[in-house]
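Okay, got some structures for you below.
The two complexes that follow have chain A in common; it is paired with chain B in the first and with chain C in the second.
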Partner chain A sequence: MKGYVGVDVGSVTTKVVVIDEEGNPLGTPVYIRTQGQPIKAIQKGIAMVREDLPRNLEIKGAGTTGSARYLAGVLIGADVIRNEITAHAVAALRFHPQANTIIEIGGQDSKIIILRNGLVVDFAMNTVCAAGTGSFLDRQAERLGIPIERFGELALKAKTPVRIAGRCTVFAESDMIHKQQMGFSVEDIVAGLCEALVRNYLSNVAKGKKIYPPVIFQGGVAANIGIKFAFQRALGCEVLVPPYHNVMGAIGAALLAAEEMRDGKKSHFRGFDVAEMNFETSSFECSGCSNRCEIVEIKSDGKLLARWGDRCGKWEVIER
Partner chain B sequence: MKVGIPRGLLFYHYYPMWKVFLEGVGAEVVTSPPTSKEILDLGTKSSHDDVCLPVKIFFGHTVHLAEKNVDFLFIPRIVAVEREAYTCPKFLGLPDVVRNTLEDLPPIIDATVNVKKRDKSPLKAAIEVGKLLGAPMGKIKSAYKDACETLWTYRGLMLKGLTPDEAIEVIFNGKKLEKKQVNTDIKIGVIGHPYNVYDRFSTLDMLGKLKELGAEVITEEMIRQEDIEHHAQFLPKRLFWSYERDIVGAAFYLIHKKKVDGIINVVSFECGPDSLISELIQSEARRNGDFPLMVITLDEHTGEAGLQTRLEAFVDMLKRRK
Partner chain C sequence: MGNLWLGLKTALQELGHDVIVPPKPSKRTLTLGSQYSPEFACLPLKINLGCFLEAIEQGADTIIMAGGVGPCRFGYYGAVQRRILEDLGYKVNFIIFDPPQGRWGEFLNDLKKVGNGKPLYRIFSALLFGIRKLQVMDYLEKLGHKTKALEIKKGETTHILEKTLRRLDEASSYKEVKRIREEAIEELLSIPKKDIDPIKVAVTGEIFVVLEPFVNMEVENELGKMDVEVERTLYITDWVKEHLIPSLQGIRKHHLLEQMSKPYLGHFVGGDGQLSVASAVIYAKKGFHGMVHLMPFTCMPEIIAQSILPRVSKDLSFPVLTLVFDEHTGKAGVLTRLEAFVDLLRRKRMVSVN
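On to the complex of A and B.
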């Protein structure tokens, strides 16, 4: 049986999946927190996904995506390293070929992808600000003392969601404190936060783009049913959350690997033993010119796997 | 006499012309090196107001030159380069802003060019500068003539697809003009102020990255002026600023004539004119069957990941569409 590995390393979470040729996940998809240590997270993810794979599985290709896609690519020996937009679009189309809009909200970024006839025709990502993303909700949930997993169901209990400024995390927080002090219920505040995030997303990320159904909502935040309903109210149409919504990037990376390896090339995948390999990273500042680039090196048992960070390319090494 | 020309703002428009003229009237011309972290730091440290990123970079280059002990800084006041429009307000006041912001500067040559006024023509400005540097009238006039010819050569080279840096190499270092091997499946128009588009540091080498991704890049300088003028006329009202009108005209031309697969509009954060023309370009793209367009905003951050992801995704999108 043929399988393809997909790894999506984001700022907040790391996702690892193995899929069959049709794009169905084999075993249990892995979704864990990156906790600022992408290498460890990737190794842990690989170890976890290995647990319940079918016996006769042969890995024919591997792909990576996410903000640490190059690092992940070097670590696992990826055949394709692709951006998140393409990965998410490919995965969404696998489950919903008719999709016209993809809303993706992750830990620190959010995207909108506009599709027509199965092709990406436009996209946008949030700019430097993380106000409309998962981290924002995480932070506010923490403030309210609610586990983020319960956030959505609480929001659904709201009778009249309060209005909270969603433009900026800092202002949203002071606004929220104010509403708390006035005595609004936690449910109404939580629902207000969901609406604030959706408003912020629609005005900052989607910014005037025409959103046509079917609308697919994926990324970690799609687990939050409160946000899903807030989107449905704002858009006036159904919002679909695919079954593997939180690992769609990884599925996309694996699908792209399958596409890349169609002609039977030999995969560079290092195997699931990556989980036990030793990786060390170190860095130094290059003094070759006034740019003072910070160079990062990744080694495994003394062998240099990759080095990057320089603008001129004189240090760059990427071992396959 | 050592005259320093900061490598920023209108440098990319006029440097070869300025250099030929200044050398023709007997000056030695020095420039600052390409923008680096050090230069940007020098610039941000000295700018205490909300000036745009290209101006901060210009400050950095100016301070760098001042530290190199040049006798003069060459910062002309370019008010109007055509009768019907002005340049961006920052160019109108540039020498004053520099003088009042930065300390310990050598004297600034700030001759005014304003073609709306007879006594502020480029030739008049050249004579003023030439006299200041102690050159006789005959020498000034022949230097001016050579300078104008150089400007046409420079623009001609860029029309053929050279970047300003490459064109400068050809003009001054006798580098052979190489026929470029174009072997790409997609073409992308990169449209914005030349001082943004061609600054490898502030754009995090966007042009190089696009090349690596297998895209051929078309910039405003590669488009004939008459095409730019013609397509800028699709605006219901003439734009007030010359350089910005050229940007809009270039973008409209690429969109109307479908000369590229997609356009990247480079704008700088805190740039007033950019915020307006970028909207004009975006709505024109929408009106023309949602022509693929991506806006990239430059600011001081040096995180390459965000830019890399956007460029990769844009190139991927255009390739998969084909």
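On to the complex of A and C.
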């Protein structure tokens, strides 16, 4: 049986999946926190995903995406390294070929992808602030002492959502505290936060774009049913959350790998033993010119795997 | 700004000046520049100021800065920078060079100021030699955009161009310049190349951000690495020809820009805003696959262009990606967007071919 590995390393979480040729996840998709240590998270994710894979599985390709896609690519020996916009679009189209709009909200990035007839025609990512993203909700849930998993259901219990200034995380936080001190209920505040996030997303990330249904909502924040309902209210249409919404980037990376390896090339995938390998990283500042580039090196057991960060290319090495 | 220094240095040296070229803009330039600039001024002011400070460190006692007549704020930058340097306690001779705009008398006066007592014809011949070097460099860069997309070993073109720039800097006669040009063309053409039909992308926007690779995070090189052929919509020598020298070419170009942007933007909005809108129309008609629009944060003319471009893009089914730069811009974000944009163009082409 043929399988493809997809790894999506984001700012907050790391996702690892193995899919079959049709794009269906095999075993259990992994969704864990990156905790600022991408290498460890990738290794842990690889170790977890191999637990319940079918026995006769043969890995034919591997792909990586997310903000640590290059690092992840070197670590696992990826055949394709692609940006998260393409990966998310490819994955969404696999499950919803008719999709016209994809809303993706992750830890630090939020994106809107506009599709027509199965093709990406336009996209945007948040540029200024994280007030429209998962980290913001995470932080506020912590402040309110609510587990983030329960955030959504609490929001649904709200009677009158409080209006919270959502332009910037700092202002949102002080406004939220103010509302708490005024005596509003936790449910109303939580619902207000969901609406603030949606408002912020629509006016900053999606500004000027025509949002037509079907609207697909994916990324970690899609787990939050409060946000989903807030989107439906704001857009006046149904918002679909796909079954594997939180690992769609990884599925997309795996699908892109499958596409890349269609003609039967040999995969560079290092195997699931990557979980046990030793990786070291180090960095230095090049003094060759006024650019003063910061160079990063990744080694495994003393062997140089990759080096990057220079503008001129004199240090750059990427081992396959 | 890009290679502009090459032409100015050559011209001023010909006039017998001792010229200090500040180091290429770097993180330090940016840090220095933004530290002493008003926050909401655009990046060109900050980088320029940083360069001035670095040049003063190296012993410069005279600074020549271009002026302007708006509506872009650039025209005001020379005056602001002069004040900032004064307030910091530097005593430098600050010459602001306003474009002629019909006031030829004043323009010639300004020219005489930098002429080091030389007669006008000497000043012009010095300028022409500087412009000649720039023309050669612009020509080679245009050729380089093609070879960057096709080269098998990425970076070869850049290497040749950098070497040629250094050689041109040292060249002291037209004959030498000619030889360097021919050798560079030869080298560029003999780079081993892939046999592919590259995606073609126009790069347009505010002139400083477009011409200065440090500021635009080397957009052109990054596109080249993705096997994309770039065509820049403005080059420094074209700008000089169209703005400083009254010529038929300038009038024609101006007319073309007006015509092309007319359905969307009927008049000049300062800086290069109208050019950005017109470029989308021109390059869509030329059969390019998409356009990357670059602008500094808070740039008024380009904000106008940015808000008009989605309509042009939709009408002509011509994808446009706008990238905004300031001192907080990170390379990772720019790269992700560029990669996604190129993917979009590739898939679009794949479908239209099938």
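Convention: the second predicted complex is superposed on the first by the 319 of 320 C-alpha atoms of A that agree within 3 Å, B and C clash if a C-alpha of one lies under 4 Å from a C-alpha of the other, contacts with A are read in each partner's own complex, and residues count from 1 in each chain.
The definition used in the following text is that contacts are C-beta pairs under 8 Å (C-beta built on N, C-alpha and C of every residue); 3 or more make two chains touch, one makes a residue touch a chain.
Because the structure is a prediction, the values reported are computed rather than measured.
Steric overlap between chain B and chain C is present once the structures are superposed on chain A. When both complexes are overlaid on chain A, the residue A:67 reaches chain B and chain C alike.
By the touch criterion stated above, A:55 is placed in contact with neither chain B nor chain C. In the superposed pair of complexes, A:266 makes contact with neither chain B nor chain C. By the touch criterion defined above, A:84 lies against chain B and chain C together after alignment on the C-alpha atoms of chain A.
Once chain A of one complex is fitted onto chain A of the other, the partner contacts of A:303 are absent, as it touches neither chain B nor chain C. In the superposition on chain A, the residues of chain A touched by chain B in one structure and by chain C in the other are 67, 82-86, 119-123, 125, 127, 289-292, 311. Residues of chain B that touch chain A in their complex: 33, 36-39, 200-201, 205, 290, 292, 297, 299, 301, 305-306, 308-310, 312-314, 316-317, 320-321. Put simply, chain A touches chain C in their complex at residues 67, 82-86, 119-123, 125, 127, 208, 289-292, 311-313. Chain C contributes residues 23-24, 26-28, 154-155, 158, 214, 218, 307, 310, 313, 319, 324, 332-333, 335-337, 339-341, 343-344, 347-348, 351 to its touches with chain A in the complex. Partner chain B is touched in their complex by these residues of chain A: 67, 82-86, 119-123, 125, 127-128, 289-292, 311.
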